[in-house]
Amino acid sequence: MLRVAVYGASGYTGLELLKLLARHPHAQVTAVTTRQEDTPTLEQVHPQLTGLFDLWLEQLTADEVAQRADVAFTCLPHAASAEVVKELVDRGLRVIDLSADYRLTDRAIYEHWYGVTHPDPERLTTTPYGLPELFREEIRGAKLVANPGCYPTAAILGLAPLLRAGLIETSGIVIDAKSGVSGAGRNPKQHLHFPECNENLSPYGVGTHRHMPEIDQVLSRVAGGRSGAVEVVFTPHLVPMDRGEMCTSYALPAADVTTESLNAALHAAYDNEPFISVVQTPPGTKDVAHSNRCHVYTRLVRGRVIVVSVIDNLIKGASGAAIQNFNLMHGLDETIALR
Amino acid sequence: MLRVAVYGASGYTGLELLKLLARHPHAQVTAVTTRQEDTPTLEQVHPQLTGLFDLWLEQLTADEVAQRADVAFTCLPHAASAEVVKELVDRGLRVIDLSADYRLTDRAIYEHWYGVTHPDPERLTTTPYGLPELFREEIRGAKLVANPGCYPTAAILGLAPLLRAGLIETSGIVIDAKSGVSGAGRNPKQHLHFPECNENLSPYGVGTHRHMPEIDQVLSRVAGGRSGAVEVVFTPHLVPMDRGEMCTSYALPAADVTTESLNAALHAAYDNEPFISVVQTPPGTKDVAHSNRCHVYTRLVRGRVIVVSVIDNLIKGASGAAIQNFNLMHGLDETIALR
Amino acid sequence: MLRVAVYGASGYTGLELLKLLARHPHAQVTAVTTRQEDTPTLEQVHPQLTGLFDLWLEQLTADEVAQRADVAFTCLPHAASAEVVKELVDRGLRVIDLSADYRLTDRAIYEHWYGVTHPDPERLTTTPYGLPELFREEIRGAKLVANPGCYPTAAILGLAPLLRAGLIETSGIVIDAKSGVSGAGRNPKQHLHFPECNENLSPYGVGTHRHMPEIDQVLSRVAGGRSGAVEVVFTPHLVPMDRGEMCTSYALPAADVTTESLNAALHAAYDNEPFISVVQTPPGTKDVAHSNRCHVYTRLVRGRVIVVSVIDNLIKGASGAAIQNFNLMHGLDETIALR
Amino acid sequence: MLRVAVYGASGYTGLELLKLLARHPHAQVTAVTTRQEDTPTLEQVHPQLTGLFDLWLEQLTADEVAQRADVAFTCLPHAASAEVVKELVDRGLRVIDLSADYRLTDRAIYEHWYGVTHPDPERLTTTPYGLPELFREEIRGAKLVANPGCYPTAAILGLAPLLRAGLIETSGIVIDAKSGVSGAGRNPKQHLHFPECNENLSPYGVGTHRHMPEIDQVLSRVAGGRSGAVEVVFTPHLVPMDRGEMCTSYALPAADVTTESLNAALHAAYDNEPFISVVQTPPGTKDVAHSNRCHVYTRLVRGRVIVVSVIDNLIKGASGAAIQNFNLMHGLDETIALR
């Protein structure tokens, strides 16, 4: 039985992570932390967890956590997360970091987009990017894994096999992305107030969203090119629903590409994957809601490749992927607690 | 043309009020106030008002407002509202107060339920309660009108004709109320955060909601009895929708009451009312959304009288009623700007 | 490993049942039936089940099912269900019936409310009502169990302990019920069309809902009285959300009842129950969404007992309860696949 | 006073049209038709119209309508609409056709995309396309106007000024479109059943939507080129909300284009338009809900022009535009009943 600590357990990724951990036969949650001053029970913070845990949210030092846990999930804001991660890794814990801190391998890019000095830059180039469908072998047995962003997960799972197979051009990729509101976190804000975003659809972060360089980096690597080989145009939209995320991606085809060859490339990449399906009807986000699955669909329309990929932003886009990485890091069956 | 000031224009009742005023042929909005420090344009605060007004939100003294306006709508928190209202009335403006400050005629009850000293207690007993269907003659020509609460509007419109006709008992009334989220105001709060209240239904203020004594007072008066003749059990619920409010009320019938006699009493009360309809299929809140209407339905079931009444909480439950009162106060056709 | 057949697998209760069965270590789904003519795969009918089963919906005779399965869940319309159930029970299968056919013990009441002749009246008086919190011992080892209705589950779990303890009167009980739209089934209908019921709240079946006699029967039995000892006034409402169900119940207290004694009775009944919690803040339906839990809350307000109970209508109100009964019938740990 | 008939009044565009007509000082609705056999009152079909009209839905011949009305709005399915329109125009009525029948000027393209023989092909080339912001002079005084599709309205209003100013290339335009569910009409269908599309986001009609050739035609004309000069890639998505429509369009910039020059072109086109605003924060659909407005936003991001345009699909995308055309056809102030 692996003893598990969850940092930042009061948010939505923390909640989903704890639900999955409650089902995990090899994990026992022994510590849940908060940065707030009081120490509520988990049930008070998350009524949905009633009856599952007998735990309090606590403020704990790294030493205290190291005594109680073998592995930690960090659901903290960027920079704050790396501060904690380095202390935990130094003490021998395995860590799955759900923040953005270890996703970008280039410190300058990180510091440009996040506007802070990285607290632990040495580990940037050695930490695997936790997308098992692309980097499974790097993740297996790793001490620290950078759990991917939600939008990058959906976008990359849709585009990577086509880029790798040379079926689409590296330039000119447009990703029109849509997400349910839980992706924006649990802190109340004016534009996330129910009567503001209910019955509303709005784009945000046009040209400025931090997931853009993350997508660039991974797709550039997949394309086999230099850093910056791929520069996507990425436009996220807020959709009035709790959860679910979709990327509708548009790319220029290489010569002689057909809808059939596009589908063949996706099938070749995913037919042995436990959580990815290539579908022939346009997928809805609800098809994968509350699951660790991703459904991918592609068509060639008027000389343009369209790829639609859907995930649950809190599961495959965050906490489910974290459990999948946890399983791989510990040599367990990758699908435990995720079916 | 009446010059109109709107206090507290940045909330949802302010927004709806301004939409209605934009259509009003005898009203011109000349001032909109805010208690915040900056002075945004109305369009910045309410994109939905784009193109309708050329106004800035301002911090204005009562003297400044008195120079610009003949009449004021006050959409301010309780106590803060009465502070402003008394200054405006003293300067000769007509005022429709959308706060709770002048609804309760008994100062002690007000101060008990609202926990503050009333800033203008002298006017409590002389200010008409702005429900035209019950108190039209008092409102006509009044200088100051207390605009009713949203729940009381729905509850009273459903029950008053039956109480007045002696068809239901004054004791044992239960009001199970449900409201869309806009009724909770525009300030972001944890429980009003989209992913918290979307796909959720929850009761609140069980036995403690401030609209309870307001309903008691008006129904007691309608019942012809002493203060306290009616004491309702009132349970509000938050429903995952923008707007709309329903009261499902349960009462004990007097002897020999039938579904037919219940309907007859409602028809007698409302057939000449421009905004109230007695309906024979259970009404939905959407039937009256974005309108100043109230639909009322009644049945006798297993020896209990059931009354269902629906309104749009922001229109008939707030800003539409305020315009109706404005029309009556100025001797205008009651329905102007409300069809 | 128990071989399981699911009848009527194309609806929402079928979907949720199959999701739970996919996680059940002692169940293997071997047949899923439909009354339609084609034989789609489960994934075509329920994209959410992608990757979990390798099954087709089929039209099967009772003999064919008896060869493939040891136990069956029937998610069929009333009367159609009993036709199948009797054939299966006669062939030795254990059956959990999710229709209303075996819930009412009085054939005349069944035939009055459902307007059909009962196809299998002999078993009405011997089939346990599958609410483990009240009738666990009858369910344990049973061959056939009548899975309760969703509203009765929520209503009874809230009221039964108070009735049994003599804290509330048997007469005068009002149940104001609210349900998400999945409770109305998967067949498209005008009033369930998205733009009709979104942003809408409406009562339905006022005084005529078929769950009313079911609640009467169980509460009368609990109250220890004759049949008909309890006759509730029951008003359901349709709420614009997928799932979740709430009963806000109002009852007259016996002498000397307090909020404390009400809570004490609930705690005495439920503190050892794996799926029921007595809570001290008004519960929201989302607290128990996607779980087999029920949260119950009570207060005495102005001389009236208020009880609020919430469940997920598809889980504790249907498929989760069915799994709980399945576990009990087979001597398994009651909570398997339900945490 | 113009006497008005509304064909196909039982759907959502009929409903919104009637709400607007109820406010129109120069229009009196004298006939509302249905193709169904019974003759319900308008209130029965649309409870939201309670108190506004004293009309029954009827089956009427063209002669009967011609006796009662001067002008007709046709909200009928394609082909069925042209059958009626030609009869009405032949009898001297002015007609605003809300179907797709007179939008495409090329009969072959119409018959290819709609799969029917056009019942009235002669009028195809002479009927103005009812988008006043582009074709106001053609509409003014016209006998018959083709009211635009909802998606084309949003897409064209966003892109046309940039194409006309030569700021974007005619090739390579991608339109990622999103619509609320009312755009799919009022007939219940499986995928529009509340629990199917609530909490769901899904693309549909990928590469096959009939609004694609309509957008091509108008943008090609605007671009000054031959028919087929513009061929857009158009992907619509269904969003879980009642109303609201957004086009997020992507185009290749001409040389030396900047965010400033893009905005300047939009301002030049729209600063005198009563219903169009160029905005500097990404617009939400709720900003224009229940209004005849369109908000347009543009940015140059990584060498790609992004244009976001939002409308209310039932108002500016259908019934509001129809009233705007009605006003223009009759020489009235274009904004009557639309503020």
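Note that the chains take the letters A, B, C and D in the order they are written out, and that residue 1 is the start of every chain.
We take it that a residue touches a chain if its C-beta (ideal position, glycine included) is under 8 Å from a C-beta of that chain, and two chains touch if they have at least 3 such contacts.
Bear in mind the structure is a predicted one, so any value in this text is a computation, not a measurement.
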{"item": "Far-end chain from chain B, centres as C-alpha averages", "value": "A"}
{"item": "Pair joined by more contacting C-beta pairs (B-D or C-D)", "value": "C-D"}
{"item": "Inter-chain centre distance, chain B versus chain C - centres from mean C-alpha coordinates, in Å", "value": "39"}
{"item": "Distance between chain centroids, defined by C-alpha means - chain B, chain D (Å)", "value": "37"}
{"item": "Chain centre separation (chain C, chain D; CA means) in Å", "value": "46"}
{"item": "Junction residues of chain C, two or more chains touched", "value": "180, 196, 198-199, 240-243, 283-284, 286, 289"}
{"item": "Residue ranges of chain C touching chain A (in the complex, touch as defined)", "value": "22-23, 47-48, 50-52, 199, 274-275, 277, 279, 283-284, 286-291, 293, 295, 339"}
{"item": "Residues on chain C engaged by chain D in the complex (per definition of touch)", "value": "12, 180-182, 186-190, 192-199, 240-243"}
{"item": "Residues of chain B defined as touching chain C within the complex", "value": "174, 176, 178, 180, 196, 198-204, 206-207, 231-233, 235, 237, 239-244, 246, 248, 250, 282-286, 289, 297, 299, 301-302, 304, 306, 308, 310"}
